[in-house]
Amino acid sequence: MTSDHIFTWECEARDHEIDFQGRVNNIYYLVYMEHARYKHCKSLGVDFRELHDRNFDLVLIRTEIDFKASLGGTDEFIVTSKLGLMGKIRIVCNQQIIRKNDGKIMAEAKIIVVCIDRASGRPVMPDEIKLKLNLK
Amino acid sequence: MTSDHIFTWECEARDHEIDFQGRVNNIYYLVYMEHARYKHCKSLGVDFRELHDRNFDLVLIRTEIDFKASLGGTDEFIVTSKLGLMGKIRIVCNQQIIRKNDGKIMAEAKIIVVCIDRASGRPVMPDEIKLKLNLK
Amino acid sequence: MTSDHIFTWECEARDHEIDFQGRVNNIYYLVYMEHARYKHCKSLGVDFRELHDRNFDLVLIRTEIDFKASLGGTDEFIVTSKLGLMGKIRIVCNQQIIRKNDGKIMAEAKIIVVCIDRASGRPVMPDEIKLKLNLK
Amino acid sequence: MTSDHIFTWECEARDHEIDFQGRVNNIYYLVYMEHARYKHCKSLGVDFRELHDRNFDLVLIRTEIDFKASLGGTDEFIVTSKLGLMGKIRIVCNQQIIRKNDGKIMAEAKIIVVCIDRASGRPVMPDEIKLKLNLK
């Protein structure tokens, strides 16, 4: 139930993201994925921050992440994002972190987001978002 | 399959952890949980960093988190950690973030960790860790 | 000059704040100091976020930090904050990070903040803030 | 006393770096500058992490930062780094954060670093580093 488009974003770790084991701290896998989702949505004309000003908040409700291998401090990597719909109002985003030099999948995630209408406090799926993100 | 002991740690958000929506950014839920796990293990005599020096790395392999409500920037909260065993070598940690003033569960997580023996590169379950963490 | 009151806050590093050299990354010294300032001001009835809603933003304009010794990953430490006035509108905050077990000063900072009135975009010193923070 | 070379790195804020005032949190100015320094040194053949393995640690001893204007959440910006020598062993790095669309200087910093020989615990200036970084 996902659109076919896969968004990709190239990234590298920043110094303070390396842990005492010489690897990228797992926390930052989420940071990279969040930023890739943000860029993906924005590239389709949906800006989280601009939506917020119009009283819609995109809110994370669940994340599942499998960490398959450890990113080293100097690895370059690609973060992917693929959007789809789950039921009528849940947006599901499938994401991967792929090491650039050998294509190895380092982590895989399923992220579920809903759009909250702040006026009612309830989840909604505005047509505009459905259309722009090509959710089906 | 978990030990009965629930470790708790009280926390509050730091300024830079509040997002543009006035709420604690979801990234930090993981940070809080990671630190609570670290403190939990350390209170039982198992120190991640000291283990690293002895060639054992505790490595995250999967996280599942349900975000149930949004922590506001000034909320005080409690982070829990409960350790158990899944199969023979996977350590499972069930965690919650609970708002202090009303006991509301803001997030719930299942975190799976393995101990890697750096000499062999393979996951192991040293008796010492099993005993100290009371895994069964 | 400065009020006599010195605010103190006890802290410890979180796991992801430890760098590949086994020490607390310098970035976090600033994080700790920022949070101690926030708590100091709040304890005196001045809340940055609540001020923001009333169209006043407390904005950092300069930081000077001397890093004197490296915090180890397991060190407990105290962060201090002492507020004063520099000229008519600049708030100066002198801060230290002190290792708890031996009282050693690990870092020393001078932080300068101004209060911006968002209506005019200009720095101001509201009497209320001057009074509550006991600036003189 | 600085070499003429100015290194530049293009960057943009990540979502969680935006604060409740809709601006990039000042903490991250340091993160961006640290990463630009790291990339600058690495481009000249000096890698902090590789040095660490050879018992030399590059350690921050002082930072002075003037925050001149606030980076908005969607601003693209350039981080610069210019290296020089101060006395015989202190490396000084002058850095700026420049908004891309209009060239406005958002922040300016002077960062002082020394190289510690872990064997002796004392600051040193290895010829190799002096040569590669073109310090004079």
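Miscellaneous remarks
Order of writing sets the labels: A, B, C and D. Residues in every chain begin at 1.
As a convention for this text, a contact is a pair of C-beta atoms (placed from the backbone, for glycine too) under 8 Å apart; a residue touches a chain by one contact, two chains touch by 3 or more.
Owing to the predicted nature of the structure, the values given are computational and were not obtained by experimental measurement.
More inter-chain C-beta contacts link the pair A-B than the other of A-C and A-B. Taking the mean Cα position of each chain as its centre, C sits at the greatest distance from chain A.
Chain A and chain C have CA centres that are 33 Å apart.
Annotation: 22 Å between the Cα-based centres of chain A and chain B. In chain C, the positions touching at least two other chains are 15-16, 18, 20, 22, 27, 31, 34, 49, 73. In the complex of the two chains, the chain D residues touching chain B come out as 15-16, 18-20, 22, 25, 27, 73. Across the complex, chain B meets chain A through its residues 20-21, 26-27, 30-31, 34, 49, 52, 57, 59-68, 70. Remark: chain C residues 14-16, 18, 22, 31, 34-35, 38, 48-49, 73-74 touch chain B in the complex.
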